[in-house]
Amino acid sequence: MATVANYANIFVRYDLIGAGEAKGARVSSKDAALQKVLQCVIEGDVDNIETVVVEALESKDPMTIINDGLIKGMNEVSRLWDEGVYYLPQAIVASDAMLTGIEICEEKLGKAIEKKGTVVTHTAEGDIHDLGQKIVNALLRANGYEVIDLGKDVPVDDVVAAVKKHQPVMVTGTALMTTTMTAFERISKRLSKDGFTLPFVCGGGAVSLEYVTGFELGVYGKDASQASGMANDAVNGMSWGQLREKWNS
Amino acid sequence: MPRYDQMAYASAAEMIFGTAKNPVSYGRDFTVGGGYVYPELVPHPRPGTESTKQTLVKEYEKMVTDVLDRCVAIGIPGIQIELEHVYQMTKNPEWGGEIAAATKRLQDDYFRKYGLKSAIRATVADYRKPDEEDIRNSLALDAILKTFQASAAGGADNLSIESVGGKEVSDYTIVRQDIRGTLFGIGVLGSRDMEFMWKQVVDIANKYNVTPGGDTNCAQANVAMFMAGGYQDRSVPHTFAALTRAIAAARSLVAYEQGAKGPSKDCGYEDVIIKAITGIPIAMEGKTCACAHSDLLGNLVGACCDLWSNEAVEYHDMFGGTTVAVFTEILGYDVALMNAAIELGTAPMLQEMMVQSDKYRDTHGFILCPENAYEIGKAIISNNTSYYARSRAAAIKAGRLMLEDSKLQMPAFEKDALESAMRTLESLPDKEEDFISECADIYKKLIPGFNLANYGL
Amino acid sequence: MPRYDQMAYASAAEMIFGTAKNPVSYGRDFTVGGGYVYPELVPHPRPGTESTKQTLVKEYEKMVTDVLDRCVAIGIPGIQIELEHVYQMTKNPEWGGEIAAATKRLQDDYFRKYGLKSAIRATVADYRKPDEEDIRNSLALDAILKTFQASAAGGADNLSIESVGGKEVSDYTIVRQDIRGTLFGIGVLGSRDMEFMWKQVVDIANKYNVTPGGDTNCAQANVAMFMAGGYQDRSVPHTFAALTRAIAAARSLVAYEQGAKGPSKDCGYEDVIIKAITGIPIAMEGKTCACAHSDLLGNLVGACCDLWSNEAVEYHDMFGGTTVAVFTEILGYDVALMNAAIELGTAPMLQEMMVQSDKYRDTHGFILCPENAYEIGKAIISNNTSYYARSRAAAIKAGRLMLEDSKLQMPAFEKDALESAMRTLESLPDKEEDFISECADIYKKLIPGFNLANYGL
Amino acid sequence: MATVANYANIFVRYDLIGAGEAKGARVSSKDAALQKVLQCVIEGDVDNIETVVVEALESKDPMTIINDGLIKGMNEVSRLWDEGVYYLPQAIVASDAMLTGIEICEEKLGKAIEKKGTVVTHTAEGDIHDLGQKIVNALLRANGYEVIDLGKDVPVDDVVAAVKKHQPVMVTGTALMTTTMTAFERISKRLSKDGFTLPFVCGGGAVSLEYVTGFELGVYGKDASQASGMANDAVNGMSWGQLREKWNS
């Protein structure tokens, strides 16, 4: 049988456009110990992060390591991901490394560092597919948020109770199936009735903008990577309506 | 008056998807009929978004972005987007113009960033009312022509329309299974109105240096076909609809006689006959326009297409993305299969599969398979003494082809309907003027508002 | 333990759509893999209709009616409908049973009235939580097994499931690009859970005299593939997802080793490898499942299919009818093209077009084209000493195929990801027990709730 | 190239199933003049209906011709259409013949016969595609209804005014495009506000059940042939809600 000489009229490999142009990490530290911490985060080296942080603590105070090593490294990872150099896995393992490092520093500090705010996350009742939620959790934590992880298959009552208890800046819901996402509207009604006005970011699988913007508080989350940006906006005082305006139109 | 007196192709066997005798180039590195098939995606705004210009422009920007994004997500080499005007876009010429401009801005971006080839067809809404107004001098006509200009100025590469001349007659006659009146409404009145309309569309296109595309008998032959419907429908006989289609070929041809260059409009199922005669590239719609309507020739109709369309899909969410992205993807793979066949040198075999899928599924597909379409084309060019003569010859040829192929089965009622129509067609006068005066007498009485002056008669 | 030690086909060239070495017959005159391809339509109820049994049964009755109506409207010879359970249909076994019964009543009607061939697949929702409960003895497992029985008693012809064993591990490792853990989660844990689960499904099927269908690695390999997404996505490397798919083949094979007969589940993209090994008929989904998700192998994936599916479409109105009717029509024409090719004797040419459309579009299509799939199948049967060994061999073979074909282009990051994974795969221990103990140590620490006992370890 | 020997696995001609079994007209009249009228209606013979009705009027009173000729013939045509023997065109031309006949009889009577009720029909503003409406008009008239035909491209105000003026049992709207059908909801609101509770049957082209059942009074008309059945139900006192229940679920 004949072969194809030229595929360009069948498909175009748009993924090769600009590939290879990407630049590597741009940040560095003049301090050798901090440089090692930075590098461990940027490379997502969870095997060695403990060693380098413990080593750095010998000469640096914990807050310096956190700010100039761990968080600085994570910010650089976010930039690399945003620019298409890194993929999600690099962001996740960097976050793993950073969080491990922060835990060690917090032990040394004797207290937890201040978080930007609290976010309650859950996966809808009936849904056992919580990967989207886990990614959201990791990215929020990497960005300095306290995450109250309610897990998967969570009844409406539990979500409402958690919001009352933790007074978060934002609550999120993930659902793979439309027949489980109907819980989101019930949650929204319950929260509104109790006077809450925080944004309720819903996303995942079959969840659609049309659906989520059909009830109060609802903000559609197209992608897990938007979670921290939305949380930042919420912390900065944006209402759910403003969030919807900014992210959903 | 009819012009074509020969076929562009020496035989039906020469006709194939992706290649036209007279390819057309425009837009962003976009060539139709130059060797490959491209998708043509037709997005339709959600009800409610037509309420203001701002909301409608925004709706189109979102839809177009979703289409172009999906192209670069899965590797579609190029795409045409049809802006098939909702009434409000034509009635307000600046709306049509701005939406064309917004679409062009986005297409330019993706061409710059990814090299995605693209083009825009603006299909203006013909909302003239032949039974209520002077369609050669009305506010509607005025708006239509202004909208063509605004669209061309805004960035449309191709100007098309689904013109409605003769619809007041065919609407009356199709539901009464009256082949004489249908021949009159489509073949004579429709053709005459197209001559009037297309002179002006071509002038505008030339003035703005864009391409006059094509017309379709949507308002008439598609009415018959859609009413004929599926196997269980009992609205219009399928055989009657097939005759109507043959007549439509003689009518839609007028656009090209007046200077249109193609690609033709997707919903012109008669276009394969027109390609045989003119060599222009054609847009067709089949299985992947099931989002817009059902038909009985989903594969066959792609046999000679140069663009492959979804006809119309309203903008909504599906699990796999928005509808416009979903249908971009399906069309994209459909044409990838055709283009792979072209590269492999097996396009004729793929064409044969398409044809055998539907040639005997129903009469409409039967008369539009390349060999039968070619024969109908020959009947048209061999009877080019008048619009009437060639329309009637097309119908008679189509009817004979249906009656003579023993593999084409028909329920008794369908066959009766065909034979009855054939008797009528064969008994009609030979001269156009006799036919016109006969029909004028009859339909002036029956159809309120029917006015011969609308057709220069 | 692995059983297959030889290929069902002597070469990839023997594999073609429509025909399987071991066809399956059931339902109303319905044979899969017996020479022709049928559509498999998967309707999804609208949100809200799940609130009561009555509303959900009614929703299914409407959807099924629309599907069967469209078949008889356009001439589709036969169709399988998949009842892919929403959570509520499995949690309440009588719901699943009643919906199967309602579907059967309708299919019986159309078979009696029109001779429309048909069958029902019931795919029960696996909602066990491996990180929260004893998945070999939980309320969820109990409900799943009861629902299989209720479905079989109600009228389902084919029992299938998308089982989730090992998902707690693969969820953790796929997003960390950890091939070792992914191999563990899918190849070892997934396979062991399938062995446990499928013994019971096959028993139930035999008891009710229905057909045990198949499983799919939806919960794992499809997670990787969907996250890999289109050309512009940066979630999971496409090369990594392709390796995951090869591993999935070794895992989904377990259903057939335990007695499943096929047709396999539509979303099991690994099924072409399984067909090469087992000769069972397979359901596949490609371009016409764009309603459910986008992919980069829309044509290629149909190369060896016996059923052709839309994956899932939510019930809504479109211009051309309800979504379930629209997708029935598109699927119907897709398979009509394939069946026309079969009748014309040109099926191998159509298959080659499908393959060339996508073989070099992306790595996933590349490893699943018949010749590469066949090679991966050979790696599986040649390493049948353990689930681990054959899963690892499948991945290594897939990786080598990708690295060795110079026509397959990859962005630098993708190639790095592949080479890094290959280094890991090649450095892993040879013995399954060593691999398991290595992974047990690592992932027990990292993954909250991960429990070896769930897998008999 | 090879040919296809057997198409049965590519497509099945379900339209041939039962074809040819159909029976012809079953009704007849012993009276020769009435028999001719009957036959003209059943055959949709508009060319001769005038002659035979005038002829029958010589020996029969107008109401007998209407009831035992024209209407009886039309009922038979409806049966033949329902059973798939006739297609729509046969029903339309029969209706043409019947209405011509009735007009002649009414002239003789010196007054119009009593109608079952009045129905207002229109095609939406911006829409010039009124074929669906014309079919509805013909079928309603054939079934004994007075039809107020507002035509095409009709503004909301005109529809509301016509309902006020004619007090119909039902109002219908046809639209080919979704962007014109939005007028239906506005009409429904106006009618509801003014206290009307009549069914508003909407159909045509892109109009969907989902849309029409989303506003008050709305009943979805899937097919023109349902119009008379719906009008009958409305005359028999069914509310719009009951009509929706019967025809739309």
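Order of writing sets the labels: A, B, C and D. Residues in every chain begin at 1.
Definition applied: a contact is a pair of C-beta atoms (placed from the backbone, for glycine too) under 8 Å apart; a residue touches a chain by one contact, two chains touch by 3 or more.
Just so you know, these numbers come straight off a predicted model, no measurement behind them.
Considering every other chain in turn, the ones in contact with both chain C and chain D prove to be B.
Set against the Cα centre of chain C, the chain with the most distant centre is D. With centres defined as mean CA coordinates, chain C is found 40 Å away from chain B. If you average the CA atoms of chain A and of chain D, the two centres end up 60 Å from each other. If you average the CA atoms of chain A and of chain C, the two centres end up 30 Å from each other. Averaged Cα coordinates give chain A a centre that lies 50 Å from the centre of chain B. Within chain D, contacts with two or more other chains are made by residues 1, 4, 7, 10-11, 13-14, 206, 211.
Counting only residues that touch two or more partner chains, chain B has 44, 72-75, 231-232, 314, 316, 319, 336, 339-340, 343-344, 346, 349, 352, 356-358, 361. Chain contacts in this assembly follow no simple pattern; the graph is neither a line, a ring, a star nor complete. Of all possible chain pairs, the ones that touch are A-B, A-C, B-C, B-D, C-D. By the touch criterion given at the top, residues 44-51, 86-88, 91, 127-129, 132, 164, 171-172, 175-177, 219, 223, 227, 231-232, 234-237, 314, 348-349, 352, 356-358, 360-361, 409, 411-414, 417 of chain B touch chain D in their complex.
Across the complex, chain D meets chain C through its residues 1-14, 17, 205-206, 208-211.
Put simply, chain D touches chain B in their complex at residues 1, 4, 7, 10-11, 13-16, 19-20, 22, 81, 84-90, 92-93, 96, 126-131, 134-135, 151-153, 177-182, 206, 211.
Taken in their complex, chain B has these residues touching chain C: 44, 69-70, 72-75, 229-233, 286-296, 298-299, 312-314, 316, 318-321, 323, 325-327, 329-330, 332-334, 336-337, 339-341, 343-344, 346, 349-350, 352-354, 356-358, 361. Remark: chain B residues 35-36, 72-77, 113-116, 316-317, 319, 336, 339-340, 342-346 touch chain A in the complex.
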